[in-house]
Structure formats: C-alpha cells, structure tokens
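One chain, subunit A, links the two complexes that follow: it is found with subunit B in the first and with subunit C in the second.
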Partner chain A sequence: MATTACFIIVSRNEIPIYEAEVGSAVKREDAAQLHQFILHAALDIVQDLAWTTSAMFLKAIDRFNDLVVSVYVTAGHTRFMLLHDSRNDDGIKSFFQEVHELYIKILLNPLYLPGSRITSSHFDTKVRALARKYL
Partner chain B sequence: MVDPATTPLGKMLLDEITPVVMVLRTPLVEESCGKNGISLLQMLSPFCNFSNIDVPVRTASDQPYRLHKFKLRLVYESDIRHPNLEVAKEQLKQVITRTGEKELSELGSDPTEISDVVGRSESEILPSWFQLFNKELMHTVSFSEHEAFDHPVACLLVVSSEDEQPINRFIDLFNTNKLPSLLNDGAMDPKILKHYLLVHDNQDGPSEKASKILTEMRSTFGPNDCQLLCINSSEDGRIERQDNPWASHKSDASPSKHLGSFLNNDDFSEIKDVMQELASKHIIPYMEQKIRVLNQQVSATRKGFRNQLKNLWWRKGKEETSDSPNGPMYTFSSIESQIRILGDYAFMLRDYELALSNYRLISTDYKLDKAWKRYAGVQEMMGLTYFMLDQSRKEAEYCMENAFTTYAKIGSSGQQNATRCGLWWVEMLKARHQYKDAATVYFRICGEEPLHSAVMLEQASYCYLLSKPPMLHKYGFHLVLSGDRYKKCDQINHAIRTYRSAVSVYKGSTWSHIKDHVHFHIGQWYAVLGMHDIAVAHMLE
Partner chain C sequence: MIGVGKIKQYSNVLDKPLSKGKQEVSLSAFAFLFSELVQYNQTQVDNIAELERRLEDAGYAVGARVLELLCHRDKGNRRETRLLGILSFVHSTVWKVLFGKVADSLEKGTEHEDEYMISEKELLVNRFISIPKDMGTFNCGAFVAGIVRGVLDSAGFPAVVTAHFVPVEGQQRPRTTILIKFAEEVLRREARLG
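Moving on to the complex of A and B:
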C-alpha cells in the first residue's frame, strides 16, 4: 500500500534536527519541498496546542488537501512531526513512542549536543525500519 | 459592539443591496448629456446616494421609522442580464495586470522586515486593489432570477424635448421586445413603477416647448409621475467644478477632460431635486406599499398554525414533481417568489426583522422542493440579515456555511454564486475578528481558476497575519502558494511581490528546502524581469 509520509524532528527553537521521507510511494522532486512547507506551516498550531494539554501525542492537528499532520511533543519540547495520508492513529502513536525511545538514547550520548542535527546513520536506519513496520 | 452598518461588510451591503431603477432613454438624450463628456447614467448616479434623505417609512408594523441613508442603483436596460463570464474574467485579469505594473518600481527595494508587518492594522498592509477585485468578482452574478434584490423596482423613462412625438416615444421605450429577459420570462412582475422624465437641453432653445410637452405628459400619464429636467444651462460650456462628482463614477476618465462643463449650479440643484423626489416620493412609498400588501397576503395564507400545517402536508404530498436541474420553476406570482420579494424589499428598507421572518418562511419550502439554488440564496440572505441585526453569530455563520455548501453542490452554475457567498462570509468573519476561520474560508473559495485562487490565497495569508497571535508560518506558506499560482498565470510581478514578503518570514530559519525553494524561484523571476543583480544576490543565498 503506497503511502506518502515525511517525518521531521524539530527542536524547541524550530530548527529541524532530523528529516526523513519514510513513505513507500514513489517520490517526486518537489514533493520534499511541499512537505517541508506544510510541516513548517503547522508549527503555528503546534505552539498553541502544546501548552493546552499535558498529553504527549497530539493527534492530527492540521490538514492540507488530503495530507494530515500529526505531532508528538516530548518533555523537552522537541516535536516529532509526521506528515501522512493514512488514517492509522494507533500505528502512528506506537511509531512516535518507539522513535521517542531512540531519541532518548541519542540524548544520553555525552558527545551529542542537544538541539544539533542528528547524524547517526544507525538512528536513521532504525527510524526507517520502524516506519515500514508501523505506517 | 461595533455597529454592523459601519463595518466593511455593512458598507458593502448598503451599497450593493439597494433598489435598482431601470433607465430607458432615447439617443437624443445621450447626445445632450454627451456634451458634458458623460452619459445619462453617469450624470445622474452621483445624486442617487442620499446621505440624509430623512423619509418616514412604515412597513408591516405600525411604527414608522425614519430612513436616513439610502441609495439607488441606476442601470440601463441592456445591462440587466447575466454578465458575460468571459468578459468579466478578462476584466479581472486586466485589473490584476495593471496593478502588477504599478508595483514594478517597488520590487527593486529590500523586502520589509517581518517585525514591521506584524501588528499593523488591516488597512495598512492589505493591497488596496483587493477591494476592487472582490467587488468585480461579486458582480459576475448580478441579476439572477433567484434573487429579488437585483430586480428593478422602478423604471425611469427619459425622452428629450427634441424628440419627435415625445409621448409616443415614451410608450415605445417600454416596448416589451427590448426589455430584459427578467421581465419577460415571468421571473418578475413586468408591471413596475414607471416615472417619466423629459430632458430639455437649454442649448437647443428656450423651455416653453418643453413645458408644453410636460403638460401633455401629465395628462397622459398622470400628474405625479412626470418631471422636467433642464440641463446644459451654461452659456459657454466652460464650467469648472472644484469637487467633480462625476469623476469617481467614470472609471476611464482622462484627468484633463472637464466633465459636466455645461452644467451650471442651477442644473446641479435641479438634478439633485429630481432624484430626491424620485426616491422619497415615489420609490420608497411604492416599496412600502408593496410590502404592506404582500405582508397581508402572506399572513392570510401562510402564517398561523393551521396554514403552516396545510402547507407542509401539501408540499410533502408533491413527491412526484420532476427533478429538473434548476429545481421547479417559480414565476413571480407564486407565493414563494412573493415572499422573497417581500423579504428583499424589507432588507433594502432596513427592516431586518421583517426580512428575517420572511426568509425563514421560504427557506424550508425551498428545501422541501429541492430548489437548491433558491434555498442557497435565501440562506445567504438570512446570514446577512443576522449580521445586520447583530444577533446570533452562530446562526449567521451556520446559514452562510449552508449556503456555500449548497451552491458548491449544484455544480458549475452555482460556482460564481458560491464565490460571492464566500466573500460575504469572509467579510463577516473579519468584522468579528475571526481571522483564522476567514482564512480557511478563503481557502475554500479557491476554485479551478488559477488567477482568482491566487488572489484568494493571498488574502488568506493576510488573514493569518492579522490573527492574534499572528500565525507567521501559515502566512508564509500561503504567500508561497499564491506566488506559485500567480506565476502559472504569468503574473510575474505579483509572484515576486508575494515571494518577497515570504522571504522575510523565512529569514533566519534553517529549513533548507524551504529557503532554497523561495530564493531560487525569486531569483529566477527577478532574472526574467531583468533585475539581474538582485537575482544573483538571491541565488547566492
């Protein structure tokens, strides 16, 4: 089942620290740009919504045509944002939780500066594997 | 709470939803007016805007109230028809191209900082041509059968004193063959109020001949409905006015031309008096009278519990009516059309309560009859009436939403109506500072037409900017979307303009794809325009 999905981790000062196209559909050239635009635009809504609820998983917060943006906020206000066209809420929630665990492991690395780009290829492979599993 | 009449939507409604007077005239009349460089319509129009008419009006209730502001719309009979969509689209394109060229000089300067733009009021940051564009877009659906506020309330027949056999000319003018289809097809009652105006050009000679014709007219048509207007009394045709009232009405006037050069002060006040009399002594009382008569009819047949039950039962029993695409045909004599006229007249005379109760009556009827266009039209008016009454925001929004979705549902014939409904809805939301909702509606109005959707997206972006707190990310995103659409229609100036504002939003962000995209495209377009140094600067970013 071909789906489009774009996963981005954004730090608290709105700097993207990790991005990956994890969908299984064929990607077009400008799709990546469009996805970035949509996710960036959704940041406004995330700002306000994050403060109103103590849950970490904010479900679908914004839509554009038929693409939905779902967001998961960590305790340090790092946002995991997923742009997708499927409706698999539970799968997405589990995906976010597993990625959160991976992220915590990265943070535990004393050589990693929080808020900088995640360059570990290990992290990258694991995230993509999780995406294939849950999305 | 802000008085609805002073909001932009209120002003728009008070300007647009006003009684229409159909003007029929002979060619000689146009010639006399043409000496001043304006047509008959242009000559009379500035005097149809009454800011203090002060006429007592008594509609269905027993309480009279005084009407202060009033406006008449004068339209030639050849214009009372569905505007040609292609022509309208061409015109809109011209508006946009012209404004694009005007802004060319600004494109060379640096883009403004985003902190400057945030926090400014609406009038400061919106480009001024949005209003004009929206208005033109709304005019593409004028004079439809399913709405009664565009149907002419009265007819002004104008003949020159130089015409041969003026009495016969008056009768000829109202020849049914040349009248607009609205009157001929039974959509509205062809027996409308007629008023006869004899125009005498003082340049042609003294006015005794005209007075004689006037007495003849009075004996044929009735003493109250005829008037004489003497124009062009100035001897040498070189009157100059400080405040030229015709300039704003003539869209293509060259500034050096002296409009109205033959009309001296006497003429001025005469025209004023004629229009004032027409409005206060003829049109308003006629509308009042009609409202009272219709109201009585409606009360007898529809109001009251028994009547309502009868009506509902009878309607439900009519299951076998054929489902024509436009819904069942309603002629002007059907009770539903009467109620619609009653509602619209009440709206135009500012009696919003009466208008609302009538609109509610026919709303359910049209729904049961599946006459979707009319249903949508009534829902639209209900929303506007709630707004003018300043009551029940949720009801108003619900009605507008209903109208919008219904228009969209009926397919291509309702598309333009949906646009107009959407534009009114947006103004309503903006007047109540609900900018986020307004932006989503703008997004919905975008149809397939790329130029219109470009403008709508840009308006949406400004709404996001104006919302509190300002949603800058959305602002930037919609600017980029609209820039892309502008580029698709070859409006490069506008594309650059929107992208420039977007650049200031994305300055300092690290989202690489976004920045690349914006800078690359804007650089490319500057290069197309020939401003190469700016183009290169952007490309290097």
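Moving on to the complex of A and C:
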C-alpha cells in the first residue's frame, strides 16, 4: 500500500535538524516542498499544545487535505513531526518511540552539539528501516 | 582458547541497546577527572568569572543530556510542564542519579517570587577541593550549577543558576546553595497555566 510520509526532527530553537521522505509512494516534483511547508506551519500549534500535557505523543494535531500531521515532543522539547495519510496511530507511536531512543543515543555523544544537524548516515538508514517497519 | 565467550560485536553505537548502565562510578576517578578539568581551565583564563563560566558551560552540556536520558529511562516518557514539577525532578531524580542521594533541601526564596534554592551540606564535586584565599568567592559548584541550568533550559524553563557558599554555625565547612532565578517568561507561563 503506497503511503506518503514526511518525517522531520525540529530542535528546541525551531531549526530542522533532520528530514526524510519515508513514504513508499512515488514522489511528485513539488511534493517535498509542500510537505515541509505544511510541517513548518504546524509548529505553532505544537508550541501551544506542548505545554498543556505531560505526555510525549501528541497524536494528530493538524490536517491538510487528506494529510495528517502527528507530533511527538521529547523532554528537551525536540519535536518529531510526521506528515502522513494513514490512520495507523499505534504504528506511528511505536515509530516515534524507536526514533526517540535513536535520538537519545545520538545526543549522548559528547561531541554532538545539541540543536545541530544529524549527519550520521547510520541514523538515516535506521530511521528509514523503522519507517518501513511501522508505517 | 579457553574462556572466550561469544560477545556480540556492535558495529555502531546506534545498534547498542540503551542500557541502565553501571550504577556506580569510581569516586576517585571522578575526582581526578574533575580536578584535571578545573586545572586545565585555570590555565586558559585570566580571571575568576571566566573560570566559573567555563565550568558552567561544561555542566550545561551534561544537563541537557541528563534531562533527555532520565525522562526516557526513569520517568517513562512523561515530560515536566510545571515549575514545581521540574524543580522536584532536579532535586530528587537528577541528584539521585548523579550523586547517589537526593539533595538536602529545596526552598523557595523569600525576597523574590522567581528565586529557588537547592542546598547541599557538601557538594560531591567540592569534596576534595579547597579554595585558596585569593580566589575569593569562587566555587567549583559552578559545574553543578551548569548542570541544573542545562536541565532547566532544555526543558523550557530558562534560568540563571549560580552556586554560593553559605556559612553555617556549628559546621566547619560552609554548605553550598544552588540559587535558581527563573526568567520572566517562565513566571508568566506558570501564571497562565494556573
């Protein structure tokens, strides 16, 4: 089943530190920019919502046509945002939790500056594998 | 060869499980490392304020990571959104993991609304350090103040955190107080959240 999905990690200071198109559908030319635009627009909503709950998984917070934005906020206010068209809440939650563990391992590296871009290709491979598994 | 067990070789740290880690670290190893850290920074700066700032920055990096790791490991992925919540998190969980015991006390400042103090009879990092008279009010607890600032800042509660010696009668060594002064926006948000 072909799905469109765009995954972005945004740091505390609103700077994207990782992005990946993880859907299995065929990509249109302008799809990538549109996806990023939608995700950035949803950032404001996340800001307010994050302070109202102590849970990390914020479920679906915004819609655009048939695409849904789901967000997961970590303790350090790093946001994992997923733009997708499926309704698989549990799969998405597990995906976020696994990526969260990977993110913590990257963060524990004393030479990694928190808030800077994640450039590890191994991290990229693992995220894509997780996306194929859960989404 | 006798006794060679089959150890799983991990090619990358991302594949290793995020374990609970060793619960105990050698105190002498830490004291040695910390003293080297202070001595190294001493050679790089020419005044005390700069030295304190460098120790604080070193602690800040630790604090940011400790927050994420502990929230994931010990708190089952619950974030702290309230002021008292994050303060008691620092006072108990962070202190327990870093120093093996909860902090001695957590008090609210009487003069200002935005000040809180965490006190400790003897900070672990200061145990083997004595300050010469000509360094005045310098406190190596600036490292711990940096850790607290890292935790609070990453959690969305920006604050100015400093470490002070407070003399106590009846005790030879003064106790250390970590003074936390929160920024305006934190108090405004707290009031808004009710």
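Operating definition for what follows: the second predicted complex is superposed on the first by the 135 of 135 C-alpha atoms of A that agree within 3 Å, B and C clash if a C-alpha of one lies under 4 Å from a C-alpha of the other, contacts with A are read in each partner's own complex, and residues count from 1 in each chain.
What we mean here is this: contacts are C-beta pairs under 8 Å (C-beta built on N, C-alpha and C of every residue); 3 or more make two chains touch, one makes a residue touch a chain.
All of these numbers come straight from a predicted model, not from anything done at the bench.
Trainee: Record, for the superposition on subunit A, whether partners subunit B and subunit C clash or fit.
Mentor: They fit side by side.
Trainee: Specify the angle subtended at the CA centre of subunit A by the CA centres of subunit B and subunit C, expressed in degrees to the nearest 10.
Mentor: Between subunit B and subunit C, as viewed from subunit A: 120 degrees.
Trainee: Could you say whether A:41 touches subunit B, subunit C, both of them, or neither, answering first, second, both or neither?
Mentor: The answer is first: A:41 touches subunit B but not subunit C.
Trainee: Quick check on the superposed pair: does A:122 touch subunit B, subunit C, both, or neither? Answer first, second, both or neither.
Mentor: After superposition on chain A, A:122 lies in contact with subunit C alone.
Trainee: Between subunit B (first) and subunit C (second), which does A:14 come into contact with in this model arrangement: first, second, both, or neither?
Mentor: first
Trainee: Under the stated touch criterion, name the partner, subunit B or subunit C, that contacts more residues in subunit A.
Mentor: In the superposed model, C touches more residues of subunit A.
Trainee: Could you tell me if A:101 is touching subunit B, subunit C, both of them or neither one (first, second, both, neither)?
Mentor: second
Trainee: In the superposed arrangement, does A:33 touch subunit B (first), subunit C (second), both or neither?
Mentor: Touch status of A:33: first partner only.
Trainee: How far apart, in Å, are the nearest Cα atoms of subunit B and subunit C after the overlay?
Mentor: Once the two complexes are overlaid, subunit B and subunit C approach no closer than 13 Å between C-alpha atoms.
Trainee: Of all the subunit A residues, which ones make contact with subunit B and with subunit C?
Mentor: none
Trainee: For subunit A, which residues are in contact with subunit C within the complex?
Mentor: Interface residues on subunit A, with respect to subunit C: 12, 50-56, 73-77, 97, 100-110, 114, 120, 122-123, 126.
Trainee: Write out the stretch or stretches of subunit C touching subunit A in their complex.
Mentor: Counting only subunit C, the residues touching subunit A are 12-14, 16, 18, 61, 64-65, 67-72, 77-81, 85, 154-156, 189, 193.
Trainee: Of all residues in subunit B, which touch subunit A in the complex?
Mentor: Interface residues on the subunit B side: 464, 469, 471-474, 476-478, 480, 509-511, 513-514, 516-517.
Trainee: Give the list of subunit A residues in touch with subunit B in this complex.
Mentor: 14-16, 32-33, 36-38, 40-45, 48
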